[in-house]
Amino acid sequence: MLIDRPLLFALQGSEHYATRVAQRLGCQLALHEERDYKCRPLASVNGREVVVFHSLYGDDRQSANDKLCRLLFFCGALKDAGARHVQVVTPYLCYGRKDRRSQLQDPTITRYLATMIEACHVDRLVALEVHNPAAFDNAFRIPTWNLQCTELFAQHFARFVGDADVVAVSPDSGGAKRAEQFRRALERHLGRSVGSALMEKHRAHSTLTGTLLVGEVSGKTAIVFDDLISTGETLKHAGLACQKAGATRLFAAATHGLFTAGSHQFDKPLFEHIAISDSVPPFRLPPECVTQHLHILDTTGLIATLLAENGAWGTV
Amino acid sequence: MLIDRPLLFALQGSEHYATRVAQRLGCQLALHEERDYKCRPLASVNGREVVVFHSLYGDDRQSANDKLCRLLFFCGALKDAGARHVQVVTPYLCYGRKDRRSQLQDPTITRYLATMIEACHVDRLVALEVHNPAAFDNAFRIPTWNLQCTELFAQHFARFVGDADVVAVSPDSGGAKRAEQFRRALERHLGRSVGSALMEKHRAHSTLTGTLLVGEVSGKTAIVFDDLISTGETLKHAGLACQKAGATRLFAAATHGLFTAGSHQFDKPLFEHIAISDSVPPFRLPPECVTQHLHILDTTGLIATLLAENGAWGTV
Amino acid sequence: MLIDRPLLFALQGSEHYATRVAQRLGCQLALHEERDYKCRPLASVNGREVVVFHSLYGDDRQSANDKLCRLLFFCGALKDAGARHVQVVTPYLCYGRKDRRSQLQDPTITRYLATMIEACHVDRLVALEVHNPAAFDNAFRIPTWNLQCTELFAQHFARFVGDADVVAVSPDSGGAKRAEQFRRALERHLGRSVGSALMEKHRAHSTLTGTLLVGEVSGKTAIVFDDLISTGETLKHAGLACQKAGATRLFAAATHGLFTAGSHQFDKPLFEHIAISDSVPPFRLPPECVTQHLHILDTTGLIATLLAENGAWGTV
Amino acid sequence: MLIDRPLLFALQGSEHYATRVAQRLGCQLALHEERDYKCRPLASVNGREVVVFHSLYGDDRQSANDKLCRLLFFCGALKDAGARHVQVVTPYLCYGRKDRRSQLQDPTITRYLATMIEACHVDRLVALEVHNPAAFDNAFRIPTWNLQCTELFAQHFARFVGDADVVAVSPDSGGAKRAEQFRRALERHLGRSVGSALMEKHRAHSTLTGTLLVGEVSGKTAIVFDDLISTGETLKHAGLACQKAGATRLFAAATHGLFTAGSHQFDKPLFEHIAISDSVPPFRLPPECVTQHLHILDTTGLIATLLAENGAWGTV
Amino acid sequence: MLIDRPLLFALQGSEHYATRVAQRLGCQLALHEERDYKCRPLASVNGREVVVFHSLYGDDRQSANDKLCRLLFFCGALKDAGARHVQVVTPYLCYGRKDRRSQLQDPTITRYLATMIEACHVDRLVALEVHNPAAFDNAFRIPTWNLQCTELFAQHFARFVGDADVVAVSPDSGGAKRAEQFRRALERHLGRSVGSALMEKHRAHSTLTGTLLVGEVSGKTAIVFDDLISTGETLKHAGLACQKAGATRLFAAATHGLFTAGSHQFDKPLFEHIAISDSVPPFRLPPECVTQHLHILDTTGLIATLLAENGAWGTV
Amino acid sequence: MLIDRPLLFALQGSEHYATRVAQRLGCQLALHEERDYKCRPLASVNGREVVVFHSLYGDDRQSANDKLCRLLFFCGALKDAGARHVQVVTPYLCYGRKDRRSQLQDPTITRYLATMIEACHVDRLVALEVHNPAAFDNAFRIPTWNLQCTELFAQHFARFVGDADVVAVSPDSGGAKRAEQFRRALERHLGRSVGSALMEKHRAHSTLTGTLLVGEVSGKTAIVFDDLISTGETLKHAGLACQKAGATRLFAAATHGLFTAGSHQFDKPLFEHIAISDSVPPFRLPPECVTQHLHILDTTGLIATLLAENGAWGTV
């Protein structure tokens, strides 16, 4: 039975993404039925390797919780029906920002999420660019993959920066490691040095001076790099600081573009463009805004490659 | 430490219900903070017995999934913070209607719900009038209580039926046991016999004749009894059949009044009134409709009594 | 190693059933040793897919508990010896009738059974016609199959009823869904409509009138359909009611024929014949009684088909 | 709630034993209902500490498996009903003799038993004189107590042996440690040295010479000491060897007297008397045989003392 | 039984620390026996709340692994012997630095540590100043406490800095949050503003410029703040950078002083003194070095306070 | 993917052993990196069957605990990285001598070891000649293999004993079963009878007479057979007793040669030679001592055969 190819399912809202992964793997999505939270596979899954796609962002039809529950119930049904191995692919994994106790009696939601996923007998999880890799690596007791998109972004920006001096900017100290990975990847793609800078919360001589841009950006092309755009305020602050410090060109990049505050920030665009991935479609932005201001990078190749290496397509 | 009284928490939307339980127990709700899905107790829970209230119906602010996830994350935080024992009270427990596999590869959502609740280390669950007690009893591996409201409803209707002959009507064969329990309780309260009837899907001589009212209701007061009002269509069919069969007065009762189709059904009211419990507030109905057509029974006494017997207040 | 065929074992008392399944699959039973509760496989099971057959009815040599324990211990030994996957087939699964709490502090034995089976590392369970599918679906956290025999019975009776009007009768309201499935299957086999009736506990006008036959059977061929014959009293009541209501021919059917009260009920046979399955051999009845009154349907084809589809024979 | 005393239950066949323990603790057995395998507590167990007694030997009404299943189902019901802590006392614990793999693919039944007991949420187990303490200590992952009866037996025989030289005899090498514990206890009670001997399977010079008595018994009072009397053959062989070797008086002792071969061995009594404990009533022997040949030692004091120390009665 | 006070045990090497906690709580350490990896409590633990102390640093007698295994085996013995609740206090918790996968196929040792601790049935863990709180919070599924020492250090330095301007320096970006907490605590204790600075790996204009001190320290008192001193190189680099940048006075602080490279770094002392906690005794340093260069802060008050609040002493 | 051959890894100190197994299987060890306790596979393990070798004896570089922890962390990393199945081979498994509670509140370390190994998701364990098979069989809940070396030793000694009468001697009663297995194997290899003897702790007539040699060795070749040589005292006592009783030639054998007391015992060699296995290299003995007094038997054939049968090489 093991020589069958895996079955790929995509829940409502993630069909487009999954279809593109399937095409790369040379197969089609398997059929399922989805009536509210009641989902069931229509293709027979008994003894099969199964991959389920669902990007867990909230939209106007379903909250992130709605998508999570629907995903978990579907995985439960797959295992009950005899699926041998269920692998979940979440281009965007929710709750990544509540990953530790910062106040007394705080929740650690990344871990609760892990236990719920495990309770529904999911065998593996693949996520793109999680917010806190240390939290993620510790939360799950099933095998997980955290795919990083730095390479994709580096490849993208190498085509835009020409011969200018470039500096990779982290918009806060928590993202310093991520921006550094991007900087190195960009160096490899450009074949020359790339500088680094970061926004730092900083205080001097008894007055609070707010965040400060650390590193040299004057006369350079600055690329602000983050994992996630929520309202966009963080990027904006970093962009303004770079501008003020004399950066000549400004770009921004983030894997997950949620744009929860809508298109407002594009009224006076600060960046030449913002590169995001296709993990979350920019449904909150008007189409023309997307066309003008965003470059959307395709991550389905990353996923397809991993799935193929994962063994799922190893013998076919 | 065990001589401390339990702490009672209520998540957003369930405060009113919980406060009334707390009053009966002579205490107040403990404080917590609830920012989106991030909830944390403000009162110190270390070593304490804790009770959390949340009625898991969807409304216009939060879906049932939203409420479930928030509840689970809060319970996780309670246990992480050292709560000795966490007891959840769900006046309305969601997903009760997907309790078995009726089609190939169907999910069994009641069970997945149970595993998720257990994954977040909830120690006990108290629910009101679950849809399928056999499914509920088997799904959970932690102690659970399924409180039945038949007694409350019997007590209520004993005051309305006068000396007339009364018959308890089940609107489908799945609810026959529940209606029978109500019938017996009503007999006890009235001190005289109460008849039974049920709506039966039934076929005769090669033609589909649809549902049929079985049992004698002619000239009697009929009380249609169910666990849950969703759109209200089921009750309506039963009411019409009773009417047609000569019932002189019509009442209806159901523990959980969801009224998902809104107030439409009350345009031409069929029943003198419908009795529901306070497990789900009738937020989809206009206030005057509630006033005119519904009687809402208070179940907080049932819960308070159970909690007191549960040992939580046993030593105080 | 995965290209090996599964090994089939049958414990004492279930060899005959299992041998017939094995024949359909074109293989033989593997050898094992069984000394009292100490059983061990003789064929090497390391890395193998294994199927174990045991029908868990009590007889004069072993109680249902004896068979259950022996089965569990054998499965434990299989897994200890490295069996990759252990699938259990129980043509008759015990304890199905204690599937919910009907009284205070009642056990939920179906669930305890599930936890014990899981504790011995059984990977899958296949059962025939369980008593309460909702209880069964919720109790187990391993994949399970509940094979229904309605199709077999419909096929059987289609050969006996000629051109007469036929009605499928459920002997109680709990079995209404099951009888309805049978009715539909029979319609498909006969190519014409089949009526339905059911026995209903019912009360009218302040006197208890006992059970009542609901539905039209007069002048028709009635087939009483149940999952299990214990003493036979339930079938008898339904048969008598049909007779009294003018049914012209009477048949009965039930998947599991336990006949715990012996042959007594056949002294004055009510039914032309009773169809049962081979899940439980009618060892409590004298051979002539079996010959005259029973038709025993072969379910091994159902099991063999499922096992083949289960992947076990998928690559051979 | 914790200041309530524990509730004591005894399942069918173990009432007499449990009642005597209860008397020592100054309390009474709690009520339960036991209809076949369906048992439920009648006393409310919610939040209570509970102790359940059941000696798991097979008799003519119930096999050991029957008793085990009934016990497990009852414990499941106790926990479902909210019992805080369930402690099981098995004066005789079954399956002790299949405690390791002695042949290829053998079961390890002691471990399977442990997993089944844990699956039903038993919190603790107390057993008397288990067959293989190393197997027992490793099999269970809940706290267990293995109460040894050597002290009781030593106390008993100290009253019978007068001033004679005494030797403690182990009937096989597996029981050497147990016999040695008895020997030391007897020395303490007698205030003088006690010798040791054991039956050894032994071979010399190319011929099989069978078992051999090792140690000096000539002219002494020999007490053969074992954990369990099954058919009685083992004791008999040891007794005959001692007799042949010149022992002047012969006694035997074993905690669990099963006497599975009946009274046959007492036709020509070899021992002045055999001391057993009350863990298994000698129901297979005629009363006069019991009176003449057995001394039955009361172990309920051991159990009561442990329960009291266990904390169950610590606060009263 | 719950009114008994908890029992406190300390394994070899942690007696001194634990004794001081016990004194604060007004009790004594309970006795145990420790022969190589075989440890057992001598005080009876049945039904008791137990606290075990062990600081998991390697020394010349036992490696960290040795101490961990001994601790786990001891906890296993406590639970087997019936301890109701086992709480482990590790002033220094090992393996904190391998908390995420930084390379392909890397281990996540913090999580494996958590599963091993849970496997031995430890109920709670209290640690001081863990390296990565996000990793720690996600790794464990039992309640844990990560006690932070910032307050202690702030209190300490408030006595040393006089009226000078003070700046809290993080020696790397990973420790920025920790240093910020210290800065705020110090502000509270001094009643005036305290500045911040951090060492940042940073690159500018195509040349690697190494780490850079970000923030103003010139003319100020700089306190370098970290969680752990391993070889001491990290602190040294930060100190030199502060010196070069014109800091007038230099101090350093770290909770765990391992000093794995010995006293070498004190040959030319850079800091007026280094403040560490007593979580790890400075056994690798000569006594005079300790006297001259270290201030060791007592953390036993933190632990004692938590244990008292934890409920362990709540009723006495 | 399943047609790939398993990957074999050996941790530091076990490379030599593992390499020889690999050679027999016709493959090479896979690469890994091992920096202190941080180990990670370099070969990609996703979807692969993996075997890890580590002999868990302490030496001057790593204690047994160090090796155990390193092994567990490596297995954790393998599973995290997607290894389908991880099988551990421990030629010497540590802690075997603390396998039961011999004193009050004693640990059962074999069981704790099992839970820790299971917590790190090891799927199978293969060990050579464990100390107490009953403890081992009960402690683990994953499949385990305890390979016995009796056959190897019998084969070895058959070449040395010539035509003399031979007797197999157990140095204590606990090892009687093991020595008996060796005796039978030797009989098969020699084609003639082999006698048995054992050292017995024994007392006679009120004086402690110490251990006694039971069985006839006079004029014979005695082979003392044990599982493990620790200090060597046990073997020495048995050898001296045989010598005194007139044995003409003396040999000894034990699977695991730890020689914790060094070479001291070989100053006046008692045995012609001692045969040990290669499970533990005799690193505590000087090379000439090894050459003169030891014969080291190769067990890698046993392991390779099992692995091949285990299915790992079954399809290649």
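Letters A, B, C, D, E and F mark the chains in the order given here, with residues in each chain numbered from 1 onward.
Going forward, a residue touches a chain if its C-beta (ideal position, glycine included) is under 8 Å from a C-beta of that chain, and two chains touch if they have at least 3 such contacts.
Just so it is clear, the structure is predicted and the values come from calculations on it, not from any experiment.
Common partners of chain A and chain E, by the touch rule above, are B, F. The fewest steps needed to get from chain C to chain E, moving only between touching chains, is 2. Chain D and chain F touch with mostly matching residues; of the residue numbers seen at this interface, over half occur in both copies. Rounded to the nearest 5, the angle that brings the Cα atoms of chain B onto chain F is 180°. Measuring from the averaged C-alpha position of chain B to that of chain C gives a distance of 34 Å. Look at where the CA atoms of chain A average out and do the same for chain B: the two points lie 41 Å apart. Each chain gets one centre point, the mean of its Cα atoms, and the points for chain C and chain F are 51 Å apart. Contact with two or more other chains is made by residues 2, 44, 80-81, 101, 108, 111, 115 of chain A. Inter-chain contacts occur between A-B, A-C, A-E, A-F, B-C, B-D, B-E, C-D, C-F, D-E, D-F, E-F. Across the complex, chain F meets chain C through its residues 2, 124, 143-144, 309-311, 314-315. Within the complex, the chain C residues that touch chain F are 1-3, 44, 46-47, 79-82.
Residue ranges of chain A in contact with chain E, taken from their complex: 99-101, 108, 110-111, 114-115, 132-139, 141, 165, 167, 173, 176, 180, 183, 192-198, 200-208, 212, 214-216. Those residues of chain A lying in contact with chain B across their complex are 37-42, 44-45, 62-63, 65-66, 68-70, 72-74, 76-78, 80-81, 95, 98, 101, 103-109, 111-112, 115-116, 118-120.
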